[in-house]
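Next come two complexes, and both contain chain A; in the first it sits with chain B, in the second with chain C.
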Partner chain A sequence: MKYVDEFRDGELAKGIAARIATEADPSRTYHFMEFCGGHTHAISRYGVKDLLPENVVMVHGPGCPVCVLPIGRIDMAIELAIREKAILCTYADTMRVPASGGLSLMKAKAKGADIRMVYSASDALRIATEEPQRQVVFLAIGFETTTPPTALVVRQAAAMGLTNFSVFCNHVLTPSAIAHILESPEVRELGTVKIDGFVGPAHVSTIIGSQPYDYFAEEYAKPVVIAGFEPLDVMQAILMLVRQVNEGRAEVENEFSRAVTADGNAKAKALVAEVFELRRAFEWRGLGRVPYSALKFKDEWAAFDAERRFDMPERSVADNKACECGAILRGVKKPTDCKVFGTVCTPETPIGSCMVSSEGACAAHYTYGRFRTSKAAA
Partner chain B sequence: MSVVRTGYVRPLDIKRGLVDMSHGSGGRAMAQLIDELFLAAFDNEWLREMNDQARVPMPAGRLVIATDSHVVTPLFFPGGDIGCLSVHGTINDVAMAGARPLYLTAGFILEEGYPLADLKRIVESMAAAAREAGVPIVTGDTKVVEQGKGDGVFINTTGVGVVYEGVDVSGAHARPGDSILVSGTMGDHGVAIMSLRENLTFETTIQSDTAALHTLVAAMVEAVPGIRALRDPTRGGLATTLNEIARQSKAGMVLREAAIPVRPEVSAACEFLGLDPLYVANEGKLVAICAAGDAPTLLAAMRAHPQGRDAAIVGEVIADANHFVQMETGFGGRRMVDWLAGEQLPRIC
Partner chain C sequence: MCLAIPAKVVELREGDLAVIDLGGVRKEISLALVEDVAPGDFVIVHVGYALQKLDPEEAEKTLALFAGLEAVPVGAA
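== the complex of A and B ==
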């Protein structure tokens, strides 16, 4: 496959691996957090770990849009489908996220709720035009990458005068989540989480640009290398991070220059700013309430805001006590540190959200990397 | 006064007619549907006896029976339809026992309101597939369900066959050191189907690979009678099939990603849908496991057959108490190729 295979080339990977091995200082350990679930997935799927020396350790970050969605928000979505009898349109990954009372969107669907899997926000809009007698709600999730398409369909719905279409907005922001992690006591005071640098987001950065990360490099003295989601991108970014650490630099560098500019996509940013504004605070699974970390509809677009149209108060539901998703999303624990990992919590019967999406740290380790840590059953 | 013509029945209006409840009632309308549609298409000496069962001669040997229900959506897809699929699928299930398929049965569940013209296309496609394979449909059944209680047409087929002499094929027979072979490119059928699903509008030239594989199997068991395991990687794709065999044989496996044949178009479609071709269904491919020493002979026999042109050795069976299927990635790392969790869901980011 032209333009993709080039970034999965095993021979080139060997070359970069050799350079990382040569340049990494054997007297120290390097801890790099890959923020995005897309990177987590690439690392596991292509076996990138096998190409890294022992002293270069990757820490999974919270950048999996499905994983950070708290139970309360899924409960609200289910209520929209059941109580309001709306057609709830959602990206597929969200279907299996555990909600309260043993439910999930998939189980609610089996109980008769009209929940449909869509590939894009515009599919949801199409359903609204095809079924004018039904209320259609798009369950919008994701970081800055998926936000512009949501804003676009809202504007289209307004232009078409649709009164049966609304959006349940759960869009969240990357920089505030990174800041939250860097401000956490585990990183700042206790030193239980060592982070020497970040592999910065790929697709998110195509929208917001590389400039928003300057603050982390300066304020927290942590290098950031923005990298694409292909395995060679990740390898190259790791090499660049090793070099920054060795040279005592903390800069924002851009490995993903084929898609990311300093300022990002001005048109997309303007579109988002037209429809959405910052929420004062938003609950993330694992991180709790994070200030100014999510978006909500501006008042002039209130007619398309499902939370207002159906009068849904925000609710907060605690995670299952045995589940360590919170600590795993903050990088404090590894999937295998969780007691329920691979026992009661598996991709078939997930307890926590990290086991649901293939971008989640637990699902990635369970699905792709389990052979590294499994002891054969006697 | 009109003259009553004895024995006259107005022919079915295939062009404009629809399936109605009377076609499943056991009355005259059902008899007519069977006569004019099913019997006309499947015609053979056993069906012509018009009994509720078929009495057929059986050669000596171990009997193989397999059944499969087909509920594919959409009913017509690039490279095939539910009709030929229901014939190929069951012939393949029988053949994967290292067997020669002999007879098929067909059970139809029709939804009230389904156009007879489309039903005729499906039935004729089944008949053509059965004729081409040389495996007659010898008995059948038709039921009609009310509108909204079916999905147009469901077809169950059962196949009967006999195992070739001296052949003992089972998913439980893989042993450490054995070679794993596939007969061709992976994922064609699933991607062809997905390209037509209502919420996915992408155009593709990919055709379903639906095909009966019994002649390929015959050539393979002739070349290597000691072949250990055969299976067609349908639902769940190659990954699921190998996990099943690993569990049955209580062994592990290691695949080489670079050796697994995947069409560039399939690989591209999977890429943008966020799917893994190893989990996508095939309907005209098989997986074979044999002793490493037999692998070159088996590979040559497969490649000499039109359905095995792209055959390849893709990995080996290893001793592993966890029964994991692992893969050396083209990138140079290693990962698991696990059981599919739930449905294969596209990723969003």
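== the complex of A and C ==
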């Protein structure tokens, strides 16, 4: 496929790998966090790690919406489907996330709750028009990439005068999560997580542009290179980060210039700003409550806010004690540091969310890297 | 979750919709989040919506960068 295959070319990859090996200074180490699950997946799937010198280390970040959605929010959604007998529409990614009481959306569906997987937010809207006698709730999750379609269907539902459609909003924001990591004690004081730069989001940045990252380059002196999700994009970004570190620069560079501009998608941003505003705080799995890190409905759209339409008390539920997802999402631990990784916890029987989503650090390592030698361990 | 793929627009339809071609597979998507898209353009598609137009010139520049056809920095081999 055009614009895919040529960005996966093995020969070109060798060339970039050779340049990284030549330019990386053997007397120091380079720790780069790939924020996105999409990058984590590409790095594991295409064996990018094996093409990097030992002193260039990739640290997995929290940019996997399924992984950071806390158990309490899934519990709230399941309760809505069971108690209110609503049709709960969701992207497939969330279906298998373990919730309280041994449940998941999938298991709740098996028990009779009307939970439906949809490809698009517009499918949820269509179900609402087809079943006017039922309440239809769209479980909206995702970063800035996924938010504009949600905002669009809310506006469409309003235009159509639908009274049986609402959204359980769990949309989260990338820059606040990056700021939270940079402010964390592990990075600032303890030094247990070393970060010399970030591989910045691909598709999030098509919407928000490269400009929001300027703050991290300036304020925290960390280079950011926005990169596409194909393996050569990731490798080129790593090379660009190595060069910035070598030259003592901390700038925002854009490797994904074929789809990302400085300002992003103005139309999509305006739409999101029309419907949503910042939440004062939102709970993230692994990061805890992060200030201004998520979106909620503006008052004028309250009629479409499932949290106001239904009685949905906030729930905070602790993760399974054996599960290290929290520390993995902060970059403090690797999947192989977790006692249940690959034993009790596998993609078929996940204990934690990082094993559920294919973008999760644990699922990516389990699927593509678990038989590697220790040099290339996750 | 943020998975999105570049696809070619082959037909514009009413209501901000378009048909895309993805290696032979055709699907109807929404163009409501983008502007000035014409048949033949490539767009980045996510959950049934085009998020951005793909810039073919920038794609070529990036491929040239991969091939090492760039200004070689001082000290590099």
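One rule holds for everything that comes next: the second predicted complex is superposed on the first by the 372 of 378 C-alpha atoms of A that agree within 3 Å, B and C clash if a C-alpha of one lies under 4 Å from a C-alpha of the other, contacts with A are read in each partner's own complex, and residues count from 1 in each chain.
What we mean here is this: a residue touches a chain if its C-beta (ideal position, glycine included) is under 8 Å from a C-beta of that chain, and two chains touch if they have at least 3 such contacts.
In this text the structure is predicted, and so the values were computed from the model without any measurement.
Enquirer: In the overlaid three-chain picture, which partner chain does A:Leu271 touch, first (chain B) or second (chain C), both, or neither?
Expert: Second partner only, chain C.
Enquirer: Return first, second, both or neither, reflecting whether A:Leu173 touches chain B, chain C, both chains, or no partner chain.
Expert: neither
Enquirer: Considering only the touch criterion stated at the top, classify A:Ala237 as touching first (chain B), second (chain C), both, or neither.
Expert: Neither partner.
Enquirer: Does chain B (first) or chain C (second) touch A:Ser357, or do both, or does neither?
Expert: After superposing on A, A:Ser357 lies in contact with both chain B and chain C.
Enquirer: Have a look at where A:Thr346 lands relative to chain B and chain C in the superposition and call it first, second, both or neither.
Expert: It touches chain B, and chain C stays clear.
Enquirer: According to the stated criteria, A:Ala121 is in contact with first (chain B), second (chain C), both, or neither; which is it?
Expert: second
Enquirer: Who does A:His203 touch here: chain B (first), chain C (second), both, or neither?
Expert: A:His203: touches chain B and chain C.
Enquirer: Return first, second, both or neither, reflecting whether A:Leu51 touches chain B, chain C, both chains, or no partner chain.
Expert: first
Enquirer: Touching A:Tyr368 in the superposition: chain B (first), chain C (second), both, neither?
Expert: The answer is first: A:Tyr368 touches chain B but not chain C.
Enquirer: Chain A residues touched by both chain B and chain C?
Expert: In the superposed arrangement, which is not itself an observed complex, chain A uses residues 1, 4, 9, 36-38, 65-66, 91, 93, 119, 123, 141-143, 145-146, 203, 232, 357, 359 for both chain B and chain C.
Enquirer: In the complex, go through chain A and note every residue touching chain B.
Expert: Contact set of chain A toward chain B: 1, 4, 8-10, 13-14, 17, 36-38, 41, 44-51, 65-66, 91-93, 95-96, 106, 116-119, 123, 141-143, 145-146, 203, 231-232, 346-348, 357-359, 363, 366-371, 374, 376-377.
Enquirer: Which stretch or stretches of chain C touch chain A in the complex?
Expert: Contacts found on chain C: 1-6, 8, 22-23, 30, 32-35, 42, 44, 46-49, 51-56, 58-59, 61-63, 65-68, 73, 75-77.
Enquirer: Over in the complex, which chain A residues touch chain C? Could you list them?
Expert: 1-4, 6-7, 9, 12, 15-16, 18-19, 22-23, 36-38, 63-66, 91, 93, 119-123, 141-143, 145-146, 148-149, 152, 201-204, 206-207, 228-229, 232-233, 236, 243, 247, 255-260, 265, 267-268, 271, 357, 359
Enquirer: Contact residues on chain B for chain A in the complex?
Expert: Against chain A, the touching part of chain B is residues 199-200, 258, 264, 267-268, 271, 273, 320-322, 324, 326, 328-336, 338, 341-342, 345-349.
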